Amino acid sequence: MKKFSVPALFIFIAVGTVVAAHFEMIDLYVQTIIMFIGVNIILSSSFNIINGYMGEFACGHAGFMAVGAYVTSILNVMFFTSNKTFGDPILSPELALWFFPVTMIIGGIAAAITGVLVAIPSFKTRDDYLAIITLAANFIIVSLFINMDTLGGPRGFMGMKQVLFAMEDVVFIPWMLIWTFTFTYLVVFLIRRFVSSTYGKGIIAIHQDEIAAEIMSVNTDKMKLVAFMFSSGLAGIAGGLFAHILGYINPNSFNILKSTECLVMVYLGGMGSLSGSIIAAILFTLLIEMLRFIIPAADTLLHFIPLIPDTFHLSQVLKWVIIPFILVILMQFRPEGIMGNRELSDFFPKLKKYYEFK
Amino acid sequence: MFDSIIQNIFNALQWGSFYSLIALGYTLVYGVLRLINFAHGDIFMVGAYIAYFIAIFFFKGSPALSGTTTLALVIPLTMILTAVFGVTLERIAYRPLRRKGANRLYVVITALMCGLILENGNLAFLGASRKSFPELIDKVVYNFGMISMTNLKIGVILSSIIVYFILNTIISKTKIGMAMRGISYDKFAIPLMGIPIDTIIVVTFILGSSLAGLAGILFAMSYPILDPFMGAIIGWKAFIAAVVGGIGDIKGAFVGGFLLGIVEILVVAVFPSTFRDLIAFSILLMILVIKPTGLFGVAKSTKI
Amino acid sequence: MLLEIKNLYVKYGNIEALHGISFNVDKGEIVTLIGANGAGKTTTLHAITRVPPPEGSKVSGGDILYNGKSLLNVPAHLIVSDYHIALAPEGRHIFGNLTVEENLKLATYSRPDDESLKRDYERVYTLFPKMAERRYQRSETLSGGEQQMLSVSRAIMTACNFILLDEPSMGLSPLLMYDMFRVLKQLNEEGMTILLIEQNANLALKFAHRGYVMDTGEIVASGTAGELLNNPEVKRAYLGG
Amino acid sequence: DDTIKIGFNIPLTGEIPKVGEESKFAGQMLLNEVNAKGGIDVGGKKYKLEFIYEDNESKAESAVAVSLKLIEKDQVLAMVGPNSSKQAIPAGQVANDNRTPMISPWSTNPDTTKDRPWVFRAAFIDPFQGPIAVDFAIKTFKAGKAAVLYALANDYSKNLAEIFQADFKKKKGDGAIVAFESYGDKDQDFSAQLTKIIAAKPDVIFLPNNYNEVALIVKQAHDLGWKGPFMGADAWGNSELMTLCGDDCKGHYFTTHYAAAGAKGATKEFIDKYQKLFGYQPADVAALTWDAINVVLAGIQNAGKLTGNIRKDRQAVRDGIAAIKEVKGITGNMKFDEQGDPIKCAVVVKINDAGQFEFAESVCP
Amino acid sequence: MSLLKINGLTHQFGGLTAVSDFSTEFHGNELMGLIGPNGAGKTTVFNIISGFYKPTEGKIMFKGHSISGMKPHSVTSLGVARTFQNIRLWHDMSLLDNILISQHYNLGYNLFDLFVRNRRYMDNEKRMKSIAIKLLEQLDLVQFIDEQPKNLPYGIQRKIEIARALSVKPSLLLLDEPAAGLNSSDVQELIKLIRWIHKEFDIAIWMIEHQMAVVMSLCSWIQVIDFGKTIAQGTPEEIQNNPAVIKAYLGDDKI
């Protein structure tokens, strides 16, 4: 039953969470964190295609996320809600439920097309020059959205909550949670199929020796195009989910800082390790949220002992000192990321009985 | 109209000087270690803060020295302290990773993290208030018709040019400079030439960080408001400038910095200012598409 | 004895590559190490020149004595500048982004700028006229053989008394290979000690005074060049005949 | 249970940490005062206050996560913040969806409260502030031509700039705005924009920008030879403005919520206490946070009594706030319109030669 | 129609003419040698044929197609495979993957098939895998199938590189110094291997090599270039006794 073990485990977790959410056994905060984890898993594992498997140093993932976020949001808001920019809904709001995945995919396609912008220069450019192209692309995309007044410009764009309400009006279950689970699974599934095929391994060959790859009949230009489009398309889907979880987007949510977070997750997990990306995304998201609880707890503890003066309080500011610090320390101990370029089953051979990465 | 153009050229030169100075530091470290030192922008910020504290101590504090004397002290002290800071960072964060033979991108990510620690550490320990840099030299505004220039701006432009020439000589003429370039290509062979690799790397960080310190002083004097995040964006942009010039190449960084300054300012002068980033980055992107190794970068021709 | 290797053990991580080898080189000698691929020849040279990790390995036992002093705690760059031991490494490791001349200049990093320096430049340029011809070319665009010449020239330029050569003839045309061995012979006659690794064992043994045969991290035979050339075991296993 | 929990959703890190800090300090000050008196009296029972400060990192997504954490995990009765509209808009949605009263002290974008019965604010909105600045500029500087320099990526700044532009054009003709320039996130050099502005020869330059940028802009304009007046908006009103800007800012005017210099009564008392505790003069955001908390407390008292059932109590508090007749705030007295926006006066202050923010004029709706 | 016909090939790097007016022809499945002093331009000729450089002048016809200026992967797909002077394997992948990836010229499925894992995908993956395994068995490498090349001895790596080149089913195999770095006994093995491949796979082989033992015992025809120009060509005996070749290249073996 090797083949079904992972899907079964996943379905168990997903259904469990959704049911628990529906009956309010887990609260909205926890649900949101779970959804952010999903989005981050999509972001890091899709970014890993370029930065891990293909070994390029791209750093503008958030730009593609922005394209996906805006396109899906606009489509959904335009078609299923009444809005001051786009007027009355074009389709009946009940249909939102059925078209939601379609709009996600359209958003992904739009982001993939934007990815071509970066892919074509990558034919000739490598390394840190490519890093700049992606970085510049990120700046350009954000700047473009800031300048689009009809989409709210810097004020951002909203109305996606209405889309969600439209879905909930049809059946009242936690839809966003369901969509996040579905797309996260789908994305990981597709990436795994891609990188374990002979076709997909072409990008690993490019990573290790591009010249040898080209000479051994790998069409490197095409592979790069595919890889960039695939990766940015998936980032677009992450963006679409993100927009609907939040109900509001704003160009600055997709600036370099967001790209930096993606970078951190990829390298923390390990270049070219899909399970690494997933683990890193989970850890990273949880770490950020846990520190909300840990810092005040530590503060109380230190005052209780008492180790620090009454007037001094550990502030939340320390969070963004602690997180990078933990990462720096982690890198010192595991300078190839949590998983290196290996998968879970390589670490725990016993797991091979239950699942196989191929 | 003509006045505006001249005025903008001066504006661009001054603004470009800062990009240049920071880009030079980036390129120096990159040229040696192939390490994109993403913390460089924050070392620049640290430089500005060090300058601030020294200036406050001598100028406003008990010694109460005159502005020019203070400046004469601030420049060397800041450069030295910033250099010490940069070297320490190398020692504790980058060197162990290098020793372990980590993929260079992990060092890059570590640099990124160190940058965050510096920014937020500053915020946590110095508080959220911004610092105001004292006016050390009396500002003189020279007016030529509609064109205004200040003594400070002229000083900034001159400094960056002088720094460039000094650095260029070091890199291309001296043995240390050669060793620096050699390391970037083949670390393995460096000790075989009798060259202490760590010393060269430390020298690199000393040069790069003291430049960031100098840029910090000049910046703090020109834009006298210091905040913990002041180095972030300018650092990213200077990095872009360095790459467009041809990363690892001193001339490239120098020209790239001025180029970015000029493009940014001229775009605003000609187009609606809302399009600045859009147009400026599109131009840079175009340059890279046409010349994939930047303006002065040499393609690393792999022998097969 | 100039160089004495005593019961040397070397590890890459957990894998032991040398299992206690001992040999020595006298002043003014040419000694060759031959043996199959992966026998540990390069590892031995790296241990002597103290190439640091991560490229290098770790000495886990034994000692390396040079003029009676242990090299084990000497940092790599001092091996060159203080002990005047030079290595022309396997895989050339030239500085591709520097010109030929800059490569040579870098090799003189720890040397004073004196008469002997001038003499060495001249010597290298006469030994390898190609180097003079390509003086201002970026060295990564040199052909394979030209790069090999540069690597050997660089080792000569570090003003050493003792030169370690790791497969210097690799990729050289026959003419150049003979030329280079002639040059090395000449250097040896001028007093240079040479430790040579060569795949072409026949050639190496014709050229050297003495030789050691290595196999999977151990020394399996030793003797004068003549003895080894006539040793039937060695002949069969390493001389291709 | 006899504590009342109120959550703060504020930017302690990120782009505007100072804003978060002042909100937090105002909160601490109020909390200590109330609890020192034994708490507040609701329906004859004394309740102690408990404030929970959460950092939204100046990011929209964190603001949402924080809102949910406060609402779901901490079970707060009401939420104060976020401060800037970028976070307040999405957080407002969360509060509204989850039926928790929220009041943003500082957000001036109409969307924050629009069609959200559960969301209130303590600041007046931009469409009110802009015309005041226009009228004042026309009257005081005899301005027939004006230029605007705003922060493109800052919705507050952009919004206000556009309102000013529209209103000025309406009053002085279409060509009256001679330059309408912008700059980007975290920019430090404004020389190109200022060169353009100065070349267009306006009578006044309107700067609806954050105080730190104002200091740089004003200095650079003077370097480029500008000698005319600047007109600013409420984001100028920070104690740091003068340390950063120095002499360059003296003599200029801005519209805001309250004037610190020459403040009287409760306002002065607040400023003095704050200064004593934290070492600097509070900016408008501190004052507005103070008022915002007081609005919540007034709402709670209006509710009459607390049942302990958080859903019912939240509903009661929301109704209580909406029903407020008038709260005496230190930034002026306020009551709420049907959108949850306060009806209150704005003031124009002058930065006098001593560097104090001096009352110049008050405009009420 | 000849297999490969090169006419008047010239290539310049900046001012340096690395190859000048070079011509040659493969009629059928010959085993030819290309020798010459270091820097003569031999590797450059190979690089041009495999599409890595676009020649400044000249024509290259392979199986009747003009291939000058074609992309390397297309040239390979037409049936030209090569090895490198310095080994260029994908060192962090398994041997099997090294061989599999070289099947890119003939994947037989597209992205859609890959994502849905349909019949076509499965069949083709199976086909490629069996091709790879068969090849490895033929070359006696199958015991290393899961090893990473970086962990294998140098001699084996050289052999793997040849195996990888063979996996694209070439009609012409270019070997750039296959014996470099091999010890004397490995060289003997290599000679046998190349002879065997030439016969078994029935393909044309063109090799660059500095070890005369290899060239002279294998090649039926040898071309000598110096400064990019052909200075001699002929059978091994002719070349060995050609004074120009001796002067420029072979030298005399006295040390």
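For clarity, chains are labelled A, B, C, D and E in written order, and residue numbers in each chain start from 1.
Basically, contacts are C-beta pairs under 8 Å (C-beta built on N, C-alpha and C of every residue); 3 or more make two chains touch, one makes a residue touch a chain.
Just so we're clear, the structure is a prediction, and the values are computed from it rather than from any experiment.
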item: Required steps from subunit B to subunit C (each step between touching chains, minimum); value: 1
item: Far-end chain from subunit E, centres as C-alpha averages; value: D
item: Taking each chain's C-alpha mean as its centre, the one farthest from subunit A; value: C
item: Inter-centroid spacing, subunit D versus subunit A (mean Cα positions, whole Å); value: 34
item: Whole-Å separation of chain centres (CA-atom averages), subunit B against subunit E; value: 48
item: Rounded Å distance, subunit D centre to subunit E centre (Cα mean); value: 73
item: Cα-centroid distance, subunit A relative to subunit C, in whole angstrom; value: 52
item: Residue numbers of subunit C (touch at least two other chains); value: 141, 144
item: Residue numbers of subunit B (touch at least two other chains); value: 100-101, 120, 123, 274, 277, 302-304
item: Residue list for subunit E, restricted to those that touch at least two other chains; value: 43, 52, 84-86, 88
item: Set of all touching chain pairs, with the criterion as stated earlier; value: A-B, A-D, A-E, B-C, B-D, B-E, C-E
item: Interface residues, subunit D side, partner subunit B - complex; value: 13, 15, 17-18, 20-21, 152, 181-189, 191-193, 195-196, 199, 212, 215-216, 219, 222-225, 240, 243-244, 246, 280
item: For the subunit E and subunit B complex, residues of the former touching the latter; value: 43, 47, 52, 84-86, 88
item: Touch list for subunit C against partner subunit E, complex; value: 34-38, 91, 130, 141-146, 148-149, 167, 170-179, 181-182, 185, 199-203, 206-207, 237-241
item: Complex contacts: residues of subunit D adjacent to subunit A; value: 12-13, 17, 53-55, 57, 59-61, 64-66, 68-69, 71-73, 85-86, 89-90, 93-94, 97-98, 109, 111, 152-155, 158-159, 184-185
item: Footprint of subunit B on subunit C - complex, ascending; value: 49-55, 75-81, 86-87, 89, 93-98, 102, 105-111, 138, 140-141, 144, 147, 154-155, 158
